[in-house]
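In the two complexes that follow, chain A is the common piece, with chain B as its partner first and chain C second.
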Partner chain A sequence: MTPAVEFQSVSRHFGAVKAVDRVDLTIAEGSFFAMLGPSGSGKTTCLRLISGFEMPTSGAVRIFGEDMGTVPPNRRHVNTVFQDYALFPHMSVRENVAYGLMVKGVDRRSREARAEEMLALVKLDGFGGRRPAQLSGGQRQRVALARALVNEPRVLLLDEPLGALDLKLREAMQDELKSLQQRLGITFVFVTHDQGEALSMADRVAVFNEGRVAQVGTPEDIYERPATRFVADFVGSSNVLAPAVTEAFGGPRAWASLRPEAIRLAPGGRVRGTVTGARYLGAGTRLEVRTGALPRTPSDHHDGGIAVLVPAGAAVPGVGAEVALDWDAGALHLMGEEP
Partner chain B sequence: MHSDARPPLALTLAAIGGLLFLHMPIVLIFLYAFTTEDRSYQFPPPGLTTEWFAVAWNRADIWPPLYLSLRVAALSSGLALVLGTLCAAAMARARFFGRDTISLLVVLPIALPGIITGMSLRSAFAIGDIPFSTFTIVLGHATFCIVIVYNNAVARFRRLGASMLEASADLGANSFQTFRHVILPNLGSALLAGGMLAFALSFDEVIVTTFTAGQQSTLPIWMLNELVRPRQRPVTNVVAIVVFVATFLPILAAYYLTRGAEETAGGGK
Partner chain C sequence: MSGAAHPARGPGDRLTGLFWRRPKLLTALLLLPPLLWLGVVYIGSLVALLVQSFYSIDQFSGLVVPDFTLKTYAELLIPSNFDIIVRTVAMAAAVTLASVVLAFPVAYFAARYAKGRWKAVFYLGIMLPLWSSYLVKVYAWKLILAKEGIVTWAAEGIGAGNLLNAVLALPVIGGNSLSTSYIGTFLVFLYVWLPYMILPMQASLERVPTSMLEASADLGAGNWRTLRSVILPLALPGVIAGSIFTFSLTLGDYIIPQIVGSSRFFIGQAVYSLQGTAGNIPLAAAFAVVPIAIMLVYLTIARKMGAFDAL
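Up next is the complex of A and B:
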């Protein structure tokens, strides 16, 4: 099957800055694909390379097998939900949604009927006559979504779609976007710096770091088997172990990750240590344990301290208590060097 | 800081005095349009009459300068609207070497004394062997009218933001459609305000006009000449009222237009 979007060794340099550097990506049709990374990692530039607002310095961007070359944004069958929504303030909500059809020359009656359908799809029936300024942030977000979907794009791009919403609304919109994507069956590509959002919504995640893709995989891959130190650090709260620490923990001399929930308190465990801090999280308690045998590595933030998640209901040792830690042999996940 | 205490009497008097000093001459100009004495300005006027409006209406020498002034103001603000908007569009969207310098050069004519603009244009026309005409006056006025339009338009362009233009392109609009459906409606009131201010500035301009008009006279120049000759003096005052209305109303309208636009744009965020 032809992938919806394909990056073949794509670079986008701004002078000396390599915003995107030799990126290869394949986004399958019908998938919910997340581009995850800190700001400045190149994820937004990649999105703009798909929408056509950026042109690659080298390499090729293909949409459904067709090389986009210098095809301008208005001739690409992809649409974008912008981070700030970019609604037209001088138009009503209905006119905003119908805009894509208007510039195509669709007559007023049919485009307005279609706009109302799209508004119903995003649960904004009856809001057509209002101005964007009269809507709440969440409602504007839905208008932007309806406006981008009215042209029936085969790929929908979302730039930090939930960034401007408060927590409660964000969670509701996550579910809604996910179900909308499944109902429409089109490819969603969304950019986010929020790992929780990426892991919960996407079926594939690309983690970006300094213009390169550090890892592509399912959320489980990314979370449980991070390919690099950066991914382990950025995604979730895993313990990242320096080579010396891994060795002391009974592994080979290599970088490794060890998830807090994979560690249990067991007398006669592999490593002994002292509890230096505890944080109650509701579903459990997160302990900071200093494993005194380990050397401090000044170049790294892991100076032998390790996070352990004690599940709710289990006895929680107090700060200062001596504990022994144990884990299953497979829990220590080794990582490659940074590319 | 707000204070409920009454300001000192001296300050109140000084403020009233300052306002009177600024505005009494204008009131006097209006008053003398109705005087019965037509040779000298004596106070108080010996009597009041509206006959000078009829006299002014029937004076054949008023109409050509009035038409010329209206034509020049319309043409130069029209020219300024086109060039000022294009210039603002380029400045707001592009980043290039020397951009700040060019931006300064565009705004400079408003800071330059009119006498310098006038002299340089006059010598330029002489070198280029261009005879004085309506066209030369329009060119002279356009130098400062463009600045007014540019300043209004560039501020609005900045507020428009890049993402709205990108959204339009993303939805399939070409550049012309984006301009027609997104840029122009958002720019409209700024352009109208800029155009009206430019019209008002051009309508009562004297200095640059003296250097570029040749034998023709615009309404302000006609008035200047008329003041020297003591004949039917109140007619000049009647014309002054016309000039006042023709320039003050557009400025007032421009003020309300831009103020309203800021409120609606601010409501969006």
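Up next is the complex of A and C:
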């Protein structure tokens, strides 16, 4: 099957800055694909390479097998939900949604009918006559979604779609986007810096770092089997262990990650240490434990301390208490060197 | 005691305290001078003007008769006076339209592409002409456009002398030379008022986020469609603001048409000569009310068309 989107050794340089550096990516048709990474990692530039607002410095972007080399944005069968929604303030919600159809020359009656259908799809029936300024952030987001979907794109691009929404709304929209994607069966590609969002919505995730793809895989792959130190560190908040530490913890001499929730407090455990800090998280308590045998690792936020998640309900030792830590043999995940 | 935390209070502190307790007092004090200025000097003189326009002049004695009458306004409709109004409004409209067309690319470039040093060059380039005397500029234009001036010379130099003559041979707008034709008046008006169109236009274009243009392209629109359906409607408040300047400044000016152009009167010149040598203050006042009325009608139409919706 032809992939929906394909990057073949794509680079995009801005002067001396390599925003995107030799990226290879394959996005299967019908998938919900997340581009995850910190700001400046190249994820948004990759999205703009698909929509056509950026041109590759080298390499090729293909959409359903067709090289997009010289195809301008308005000739691509992809649509975008912009981060700031970019709704036209001088048009009603209905006119906003019908804009793409108006451009195509669809007559007023049918395009307004289609716009209303789309508004119903995003649960905004009856809002057609309002102005974008009269809507809440969540409603504007839905309008942006309807405005993109009315054009029946084969790939929908979403740039930080939930970034501007508050927590409750964000969670509701996550479910809604997911079910919308499954119902429509089209490919969704979204950009986010929020690992929770990427893991919970996407069925495939590409983790970006400094213009390169550090790892592509299912959310489980990314979370449980991070390929590099960066991925382990960025996705969730894993303990990244330097080779010497891994060795001291009973593993081979290699970089490894150890999830805080995989560690338990157990008398007679593998490693002994002192609690240096505790942070209450509601669903549990995150302890910082300094293990005596531990040398300082190069990674600055794990300087000799190790994070342990104590689930809610379990006894939480106080700061200064001596504890012993234990984990299952498989919990220590070994990683390759940074590419 | 709490002396260290609350040091001794001087008169300045007490005044600050008073204003802090009564914020409206400060607002009132700050607003009083401009309100007096606007109310008495500005609105007051406008009302005086309006009142005068309803007086009439006694044909025999030449004295102003301070009785309410619409006779003076009726005088505006006699052909020689009405021609002045039509001429002035047509000129103001032409200058405004040409300003919009000329200003748009400049303002668009400045708003979207000019950064740092280029932006400074832009502002300097737009503002510099405003720093020199208006009279100097107008007289300079008279020389530029004169029959012996540089435009004629350059046109003949590149072999376009016939074209220039053909343009000058056009009825109504043509004339003996550029500096004695309506074309000349138009060019000078356009030059002098153009900055007043560029600056508000640029300000409104700057407020159109790039993502909105990208959204339009993303939804399939080409450049022309984006210009028509997104950029122009969003820039409209700036265009209207600019056109208020170019339109009303042209309506009221009496120096440019006197120095450059045919000797036919514009409203400003009519007002000037009526209140001066002729001593017909009521008719001068009635003439002066015309631009105000036109601007009110213009703004009402602009509002109805939704020009201020994007504000």
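In the analysis below, the second predicted complex is superposed on the first by the 335 of 339 C-alpha atoms of A that agree within 3 Å, B and C clash if a C-alpha of one lies under 4 Å from a C-alpha of the other, contacts with A are read in each partner's own complex, and residues count from 1 in each chain.
Keep this in mind: a residue touches a chain if its C-beta (ideal position, glycine included) is under 8 Å from a C-beta of that chain, and two chains touch if they have at least 3 such contacts.
Predicted model, so just to flag it, every value in this text is computed and none were measured.
Aligning the two structures on chain A places chain B and chain C in clashing positions.
In the overlay built on the shared chain, the residue A:L121 is in contact with neither chain B nor chain C.
When the two structures are aligned on the shared chain, A:P132 is found in touch with chain B, with no touch to chain C.
Contacts of A:N151 after superposition: both chain B and chain C are touched. In the superposition on chain A, contact is made by A:K104 with both chain B and chain C. Of the two partner chains placed by the overlay, neither chain B nor chain C lies in contact with A:A254.
Using the contact criterion defined above for the overlaid structures, shared-chain residue A:L169 touches neither chain B nor chain C, since it reaches no partner.
Residues common to the contacts of chain A with chain B and with chain C across the two structures: 51, 53, 72-75, 79-80, 82-84, 86-90, 99-100, 102-104, 147-148, 151. Residues of chain A touching chain C in their complex: 51-53, 72-75, 78-80, 82-84, 86-90, 99-100, 102-104, 147-148, 151.
Put simply, chain A touches chain B in their complex at residues 51, 53, 72-75, 79-80, 82-84, 86-90, 99-100, 102-104, 132-133, 147-148, 151. For chain C in complex with chain A, the residues that touch the partner chain are 209, 211-212, 214-222, 225, 229-230, 233-234, 306, 309-310.
Across the complex, chain A is touched by residues 161, 163-164, 166-174, 177, 181-182, 185-186, 264-265, 267-268 of chain B.
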